[in-house]
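One structure below.
Here the chain labels run A, B, C and D in written order, and each chain numbers its own residues starting at 1.
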Amino acid sequence: MQFELRTQVIEPKRKTFTNLVERYGDRPASRYEEGSIDIQCVENFHYKPLYSADKDHFDPDYTAFTLTDPYSFTDPRQLYYAPYVQSRAAMGEAFAKSIDYVESRGLMQKLPGGWDGIVGEILIPLRHWEAGAELVHIEGSRWAWGTTIDQCCTFAAFDRIGNAQSISRIGIVYGEGHDGALAEAKERWMGDAALQGLRRLIEELLVEHDYGKALIALDLADQLLYPLMYSHLDEAALTGGAGAYSLLAQHYANWFSDQRRWVDALVAAWLGDPTHGEANKDAANEVVGRRWNQIVEAVSDLAAAVDARVDAGAVANVEASAAALAERLTAAGLTVPGGK
Amino acid sequence: MAVKAMYDYTWPSRSAAELYGDDQLVHVWWRGNPYFVSAQTFRFPKAMPFGALVNDVLKGFFTADPDFVPESLDTAAWKVDHEDLVPDLEASLEANGVGHKSLLEFSL
Amino acid sequence: MTVPAQKPARKLSMKQRYTALTHDLDWTPTYVKEEEVFPFTTFEGIKVHDWSKWDDPFRLTVEAYNKYQAEKDRRLYAVLDGFAQSQGQLGLTEARYMNAMKIFLQGIPVHEYNAHRNFSYLARYANGPGARFAALCQSLDELRHAQTEIHTLSHYNKYFDGMHDWHKWTDRVWYLSVPKSFFEDAQTAGPFEWLIAIGFSFEYLLTNLLFVPFMSGAAFNGDLPTMTFGFSAQSDESRHMTLGLEAIKFMLEQDEDNLPIVQDWLDKWFWRGYRLISLVAGMMDYMLPKRVMSWKEAFELYFEEQMLNGLFKDLEYYGIRPPRHVDWAIGEKEILSHQVYWILYQYSHAAAFTTTIPNAEDQEWLEKAYPETWPIYKQVVWDKAQRVMDAGGRYFNPGLPQLCTVCQIPMGFTEPGDPLTQCQRQTVYEGERYDFCSDGCQWIFEREPTKYRQSWLPVHQIFQGNCGGPTLPDVAAWYGLQPGDGAEYLGSPDHQAWLEWHGQTTKEA
Amino acid sequence: MSVAAESRPVGVDIQENEENRALVEAIEADNDDLTIRHMPGMIRLTKNGQLVINQASVEARLGRPWETHEFQLAIITYFGEFVEWDDDQIIIAWKH
């Protein structure tokens, strides 16, 4: 019958979609490419938005950062939806194993003195930082020009709310199955001096409606906060007998190294754009100039609160991170304000 | 009713008469013949004589229907924008009351 | 005597846990003004007093979302890979079945993607965390749908025409302005209107009509990937339906002043959505070689029975009445698919799909499904088209159609109760005439004329010289159409290839 | 004229495959007067008033733990409203 033909190969008429052949040549395309390149509509828009007098519903001008070809940026991780949820399901499973272990052994209740305070009074309140970071990233998901940037921002937003939820789970375990620790952490987020620099920063980023500038400012803060909270303190926790902290912190450190890959690639694409690179640099300098001291102070305040609970060298860690970061920014051609 | 927007929402028409210069769009509708699934839109000079439209354009165009007899248009009943029209074949479309995006209808 | 423990022993319930992980992450900003954080939720006139009343019965967390979605996609991509490896396209009923999938690829994934972008708008700008998180999940889902649709149809693109350049077609080709204008209409509206337009009217009222009979039809025609993708997408849809229903009830429960605004949007978006999915009617009844049910049956089952007799009885409680112009839609169920396919048939030379005259078997089915109306259409259009074909020709309309200003479909719909007289409605606004296919579209225009007069109507744009040039070849080149993408199915490259594939086999067998 | 919620149908469409057999059987067992319709690839279950899915019934037939969230892997569409979705039970009904 007809199905015998299946043993014989029928030559395909074409290898992939025309836009990809035009862009990359006549070769088979990956699922990342087929699902991410040129998906967003770009022309012949019908109606002006009711909420914006000067921009279309898709418009390159929602940020000061411009790419000559928006698809010159692709996700170095090549993540589209299916591998994204699969990798996050695996990360979620690994985290669940750690938290279940911590819970079943009652490790949260066995944290040595100062570490108990770091978890309850500093780490758990940071779930709100993550929730705010989600809102910053989702701006890019709505306003980016081009699917590849949008897609990275979307996944990052979901990651951040996921981080907020997993930190909340730590809070529930810390509260022995109840939500009391979460309520207390929220009060600290609203009132503790050590957290107000970060809260002010994230709130200000929520009214910075240039998603590119908000993304860069958030990332500068993350580049000081994540190494401190989830790498440096992981080490300190190990030597300080706070195994539970170390066990949990590694998941955020792992996530952050994944996050860095696309953010670094996007910023590099912006700064290196053949036509708009200089203008993009100006925009980045504007963010660095306006935010640098604020960010260093905010994370240093948090670090001081850590050092007050455990002698972990947190402030020194932030100083070192800031110096290294300033060096990287300078190497990229940006100007970092002096003084800090 | 005005559009509710965050600013004064007054965007122009993308089909306005001035976008067509000395020409205009006209919808020609053969009423009662679904073989042409809808009225047909054309771009014609406003100054085109009505007779030229019928004889030089429509008599040829509608032969896409194998049952169409071109001469039947000579005795067709015409309407423009739902009003009866006795066309002046020498006069322009404009003078016959056929404006931009008018519906010019005929029955055989 | 032992003192009972002070803390209750019970751990957090599913609901409390969900609240702790979503709603409770929110805080009221003090360093900036809240109205600057959420600037878009007041201009539409919807009054909200308490965002915490937004409930999400699914109570999904990020962890559960990733786990179940990963499992769904694992199953789906396994089917896609298996189908490609076994050259599953050979097991389709016929190559002409692909035309339905061509229209699907050209008209759907990009708008799933648009929905993704706009649910991100909600995920950012809704004031309440419950609404934001539900919207965020839906944003991801819609991205998933766009990509799984593209990946599902990617294999077919390698073997069939009419799929290779959908990115360009979707922004340019005339019939694709119908879905494009629909979604852009919603995307350019405010957040609450979007929720009623897409979240409620489209997702809850209408997508069953789009997906379920269609995907069941795919199963029936040997298209396993589309069936698998479709059912898998629909499982997300059930969450979206829930969000849509929650959205409308939330607005109605928050303030009684919201009722007239919501009713107005419901009236608008029912009609807008119904006109959009009329394309599905044509696909279901005419493009599937084997059919599960007719458009009419699907409409009765998924719209009249479930929505009018189920949902709207429920919404009566809030003062909501069935959508305006719904009787017109019900009246059209006998003729809609005939008219839509007839439009597609006569303009398929300027399209990226092929059409053909229903064969004897199709006609028998149509006669049975539509005993009242099929004989009329057969007589007035198809017998004539057959005569042209028999004489060695093929009827393509030599001109350009008059388009409805709102739905943008060629004005081939007819007056209620009169299947042969096309409906003509006109409104003069600030000295300019505008055309409409129906009372529904005219009513929508008259509510917001300064919005709809901006419509990028393909026919008008061609005549303005904005589409590559004045002739059909100019326009086709600008569209990016290649030989084989459109026109008649019989004798087309797809048809020939199909015969060759199966002819070879017959010889070998 | 309003028709009481108890007399209006609600329903659910489920993918018809081996994985969902236990689920469908559990629904059949726990809901009297169920109407069942088979279509290619799917099965449609409708009932007047309300439709209940019990975790315990599904688990008993499946022979393994089953979280109510897993219902999302089986469902194609529904009509009615999820008036309850908890650890042990899902209920679809009209509210008014």
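The rule is short, and it goes like this: a contact is a pair of C-beta atoms (placed from the backbone, for glycine too) under 8 Å apart; a residue touches a chain by one contact, two chains touch by 3 or more.
Computed from a predicted structure; not experimentally measured.
S.K.: Which pairing of chains accounts for the highest number of C-beta contacts?
M.R.: After counting contacts between each pair of chains, the winner is A-C.
S.K.: How many angstrom between the C-alpha centroids of chain C and chain A?
M.R.: 33
S.K.: Could you please state the distance in Å, as a whole number, between where the Cα atoms of chain C are centred and where those of chain D are centred?
M.R.: Once rounded, the distance between the two centres reads 26 Å.
S.K.: What whole-Å value do you get for the distance between chain A and chain D if each is reduced to the mean of its CA atoms?
M.R.: Result: the chain centres lie 39 Å from each other.
S.K.: Could you pull out the residues of chain C that touch at least 2 other chains?
M.R.: 40, 43, 71, 190, 451, 454-456, 461
S.K.: Mark out which residues of chain A touch at least two other chains, giving numbers and ranges.
M.R.: Touching at least two other chains: 47-48, 50-51.
S.K.: Residues touching two or more other chains, restricted to chain B: which are they?
M.R.: 3-6, 9, 11
S.K.: Where do chains touch, given as pairs?
M.R.: A-B, A-C, B-C, C-D
S.K.: Residue numbers of chain B touching chain C in their complex, please.
M.R.: Touch list, chain B to chain C: 1-6, 9-17, 19-20, 25, 27, 29, 31-32, 34-43, 61, 64-67, 81-82, 99-103, 105.
S.K.: Enumerate the contact residues on chain A facing chain C in the complex.
M.R.: Contacts found on chain A: 1-6, 9-10, 12-19, 31, 34-36, 38-51, 57-58, 80-82, 85-86, 88-89, 92-93, 95-96, 127-128, 131, 134-135, 138-139, 141-142, 147, 150-151, 154, 157-158, 161-162, 164-166, 168-169, 171-172, 176-179, 182-183, 186, 189-190, 199-200, 203-204, 206-207.
S.K.: Using the touch definition from the top, list the residues of chain C that touch chain D in their complex.
M.R.: Listed in rising order, the residues are 13-15, 57-60, 64, 68, 71-72, 208, 211-212, 215-217, 219-220, 227, 231, 234-235, 237-239, 241-242, 245, 292-293, 305-307, 309-311, 313-317.
S.K.: Could you pull out which chain C residues touch chain A in their complex?
M.R.: The touching residues are 7, 11-12, 16-17, 20-22, 24-27, 29-33, 36-37, 40, 43, 61-63, 65-67, 69-71, 73-74, 76-77, 86-87, 90-91, 109-110, 113-114, 116-118, 120-121, 123-124, 129, 132-133, 136, 139-140, 143-144, 146-148, 150-151, 154, 157-161, 163-168, 170-172, 177, 180-181, 184-185, 187-190, 451-452, 454-456, 461, 480, 497, 501-502, 504-506, 508-509.
S.K.: Which of the residues in chain D end up touching chain C in this complex?
M.R.: 2-3, 5, 8-11, 13, 15, 39-42, 69-70, 72-87, 94-96
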